[in-house]
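Order as written gives the chain letters A, B and C; numbering starts at 1 within each chain.
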Amino acid sequence: MGCPVKKRPIDPVACGFAAIGVTLAYAGWQFPRLGGVVPGPGFFPMVCGLAMLAFALPLFIAGRPRPVQWVATQQQARPLIALILALTLYLLLWHWVPFLIRTALLAIVLLRLASVGWRRATFAGCLTTLALWAGFFLGLHVNFD
Amino acid sequence: MTLLRQCDADALSRVVLILWLAGQIVLSFGCHSTQSRSYPSKPIRLIVQTVPGGLSDAVSRVMASQLELQLGVPVVCENRPGAAGAVAFLYVVRQRPDGYLLGHGPVEIAMVQALGLAQVGPKDMDLLCLVSMSDPVLAVHSASSWKTFNALVESARTRPGYYIIGNSGTGSIWHINALLLEEATRTQFVHCPFGGSAAAITALLGRHVDAVVAGAGEVAPYVQAGSLRALAVFSAQRSPVLPDVPAVRELGWDFGTPAWSGFYAPKGLPDPVRSRLVGAFKKAFESEAFQRLCRERGMRAVFLGPDEFRVFVDGQTQFFESAIPRLITRAWAVQ
Amino acid sequence: MSSELTAALTQLLEARIVGFLTAGVGLGMLFGALPGLTATMGIALLVPLTFWLPTDQGLAMLLGIYCGAIPAGGIPAILLNVPGTPASIAATWDGYALSQKGRADLALKINVFASLFGQLLGVLFLALAAFPIASLALRMGPAEYFGLGVFGLSLMAGVSGKRVWEGVLAGTLGLALATVGLDPLTAYPRFTFGLPELLDGVAFIPVMIGLFGLGEVLAAISAGVTPFGATTHRSADAPALQRCVGPVLGSSLLGSLIGVFVGAVPAAGGDIAAIIAWDQSRRLSPNREEFGQGSTRGLAAACAAANAVIGGAMTTMMTLGIPGDAPSAVLIGALLIHGVQPGPLMFRDHRTLVWTIVLLLALAALVTASVGLLGSAPLARLARVPAPYLWMAVVLLSITGAYALNNSLTDVWLMFIAGLAGFVLRKLEVPLGPLVLGLILGPMIESNLRRALVLSRGDWSTIFARPLVLVFLVAAAAALFGPVAALRRTQHNRPAALSR
């Protein structure tokens, strides 16, 4: 991505989008062209990629510093990471653990992460899970397993 | 006050927990005990390959409501749309063949493999029955100068690659039929795919395309209203919903392949279960509700049992496996 | 005409019809208020139930669902920042901001009033101007849809707030995401990585739920602030309501007119209508900077447009037999089963039924509004539920909503990934509105441009020679370059503005 003007911070957003743009344009170029006058499947991805590259340029030139504060304080990092892990685990166990058990557990973990007491967390988690199950499974025949 | 609330929450949480555990236990018991009883003893799921609202969905839901009366257990439709139905087919063939999970099988079960969408086909399925067929119809705007099918073919021969036929999507059954028309009459059209037959017909009503190939039931209302003119049914016989429109066979041509609706289960269904299901499907097919649906939506009510359906589907699969690669590459080369 | 009107009126006064209508409204509000369940789905699921009902009673129920679901979609949009239906995306921008300021009650009431206004105005157009509107809709060919799509896309500069360039980039990313799946013209698989679930493209509703629902929870947890739920709460008292009557009425009128037109156009629905209305009302407003920060005008325009779409879509459906949006496509199927063919003949053969539909829509709008009005105060109290419980509810609803749409686990994963992406983009100050806009409009723009080129046999010039296309494209250019020029001016005057 060229040589940044000195003392200018590199904008991660501009670089990220430029990279996506280049990938898209390249992928679009690789799609089969139909040999006719009408644009093929690669036309639109290519236009999007080039547009992204073009729109990233002004941001890159502006070189605005982008201080990203992922978490407000160290205290918030733990629940954030724990929630993402809990959700990943939840989705991985989708076919192995019945809906009522896995969802109630997720709800309780979530409330515990937000430092809700054990009893209240269990109560609210189970109640919400049951309500969802009743509404979706009994009411709408949506099968979550 | 706070203490009181805490106590309440405490007691309630215990009650809820106990109730919930009890529910789990009852559920697991329910699952075990069903296996010993005779089929069917629990709800049956019927997987539909489209979003709610379409023709496949309507056929499935009417059939499901009639099956409920025959089998005495709930039959619940579940929509799993995607990839011309391949998502649903792949899902169904991977389930246990216990008769509690069935699928709605449209013409696409014979097409998705040839279209290269997924490695799944009739060979992975236990076919139960076919219940209806929809004939392809070529329609033009009522203000168009073409009064007959042969007039359209004549015009197309004088101006190859000029007239535009709209269809419901590339690789759809109606697109294949438009390509068959080209091949049989040795003409060349521009094919414009739309997102479904309704959109293609809209474009024809606005005269953005010259003609449309779509299902008889989809075109018939506009023909009856006088806004469209149907020129031919791509079939050996006329369509009941358009009795005045000639079949191509009468005009001296022989091409066209219908859309159809059937039902299937994962491969390996026990014989008693299959015969129970086919019997129920047959009764449901004969019901007034289903026959009325066929009349209203312009389908031919045709019943084929498992063996005849298998023969029919094998023929269709062979046909599409040779026709689709030939026709689609030809269409691409022209565009 | 009057005899058919009175016949329809006397029919309506039957207690059963009112009963089925109210039941429909109740069910519809449930479908609308739960993210992932849409009005379309509600109607489709209940169509078989109406097989055994007489036509007018069945219709009362189905139209009740339609009219109840759209306003109810605004409730989670206002309280939780999760749009209940796609039509309520634009309602999150000002509705949620109002709710965070402790004005949830006011926001919910505006939603009710603007929705009622939009629905009634839409019905009025249906009753008085059905055929002129329909003939305009029929003139829209692929080239015109492309123009409309580009116009819709040009609004992404408007919905980006201060970060115009980031917004445009996010919009382009949305367009790129929309290319995933089978190519609409050649059926060539693009960016599907061999997954059959991706052949139909990135499902838009799970992405929307993830970006706005889960993403918001993650961002709130990371910031350590109470995310939903305001610290203060004010109920909408009479003076507060009086103050916003003027702006709300004006915006509702503008929003309704846009909604009727967009609704009448086949293949464009409430989501696009509401976004366009929100942006147009921002443009005409004396205090633009209020928009997105809790503007009553913005909320009213968005809600009115989303609901006026019903009247517009029904107009196209009843005059031409063509669905004006997704729910009306399902309604056509339902009418067919009852032996009624929507289309020009309906006005000849079933005149009483036409008036019945018009009156049912008006009645459903009134029932929905009264239920909404009664419910707004208790619902507003939801905004005061402690944050952790709301987080849990949003996370669980995001999961169930994403799954229930297509019974697809892939969609839940998609929702999860969209939630993570929403969190990261929020932290990088990239606005999410344009991303959704690109995702909605991408297929419309791409497929119709290429379709138009097929029709013109590869000739670009004939596309731009069509008058309606030109109108859309000029409007798009004005909308796009207006904000950029404004930004340049502020940059020029105050160089510090960008670096904050």
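Methods note: a contact is a pair of C-beta atoms (placed from the backbone, for glycine too) under 8 Å apart; a residue touches a chain by one contact, two chains touch by 3 or more.
Fair warning: this is a prediction, and the values are worked out from it, not measured in the lab.
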item: Chain-level touch network, classified as line, ring, star, complete or other; value: complete
item: Of B-C and A-B, whichever chain pair has more C-beta contact pairs; value: B-C
item: Whole-Å separation of chain centres (CA-atom averages), subunit A against subunit C; value: 23
item: Centroid spacing, where centroids are CA-atom means, of subunit B and subunit C in whole angstrom; value: 29
item: Whole-Å gap between the CA centroids of subunit A and subunit B; value: 35
item: Of all residues in subunit C, the ones touching two or more other chains; value: 45, 185-186, 407, 454, 457
item: Subunit A residues counted as touching two or more neighbouring chains; value: 34, 36, 38, 129, 143
item: Junction residues of subunit B - those touching two or more other chains; value: 78, 332, 335
item: Residue ranges of subunit C touching subunit A (in the complex, touch as defined); value: 34, 37, 45, 165-166, 168-169, 172-173, 175-176, 179, 183, 185-186, 188, 190-191, 214, 217-218, 221-225, 387-389, 391-393, 395-397, 399-400, 403-404, 407, 409, 412-413, 416, 420, 427-430, 446, 450, 453-454, 457-458, 498-499
item: Complex contact set, residues of subunit C against subunit B; value: 40-41, 43-45, 47-48, 51, 138-142, 182, 184-187, 196-197, 199-200, 266-267, 320-323, 326, 329-330, 333, 336-337, 339, 341, 343-345, 406-408, 447, 451, 454-455, 457
item: Subunit B residues within the subunit A interface of the complex; value: 6, 9-10, 12-13, 16-17, 19-20, 23-24, 27, 45, 76, 78, 332-335
item: Interface residues, subunit A side, partner subunit C - complex; value: 12-13, 17, 20-21, 24, 27, 31-32, 34, 36-41, 43-45, 48-49, 51-52, 55-56, 58-59, 62, 64-66, 68-73, 75-77, 79-80, 83-84, 87-88, 90-91, 94-95, 103, 106-107, 110-111, 113-116, 124-125, 128-129, 132, 135-136, 140, 142-144
item: Subunit B-touching residues of subunit A, taken from the complex the two chains share; value: 34-36, 38, 98, 100-101, 104, 119-120, 122-123, 126-127, 129-130, 141, 143
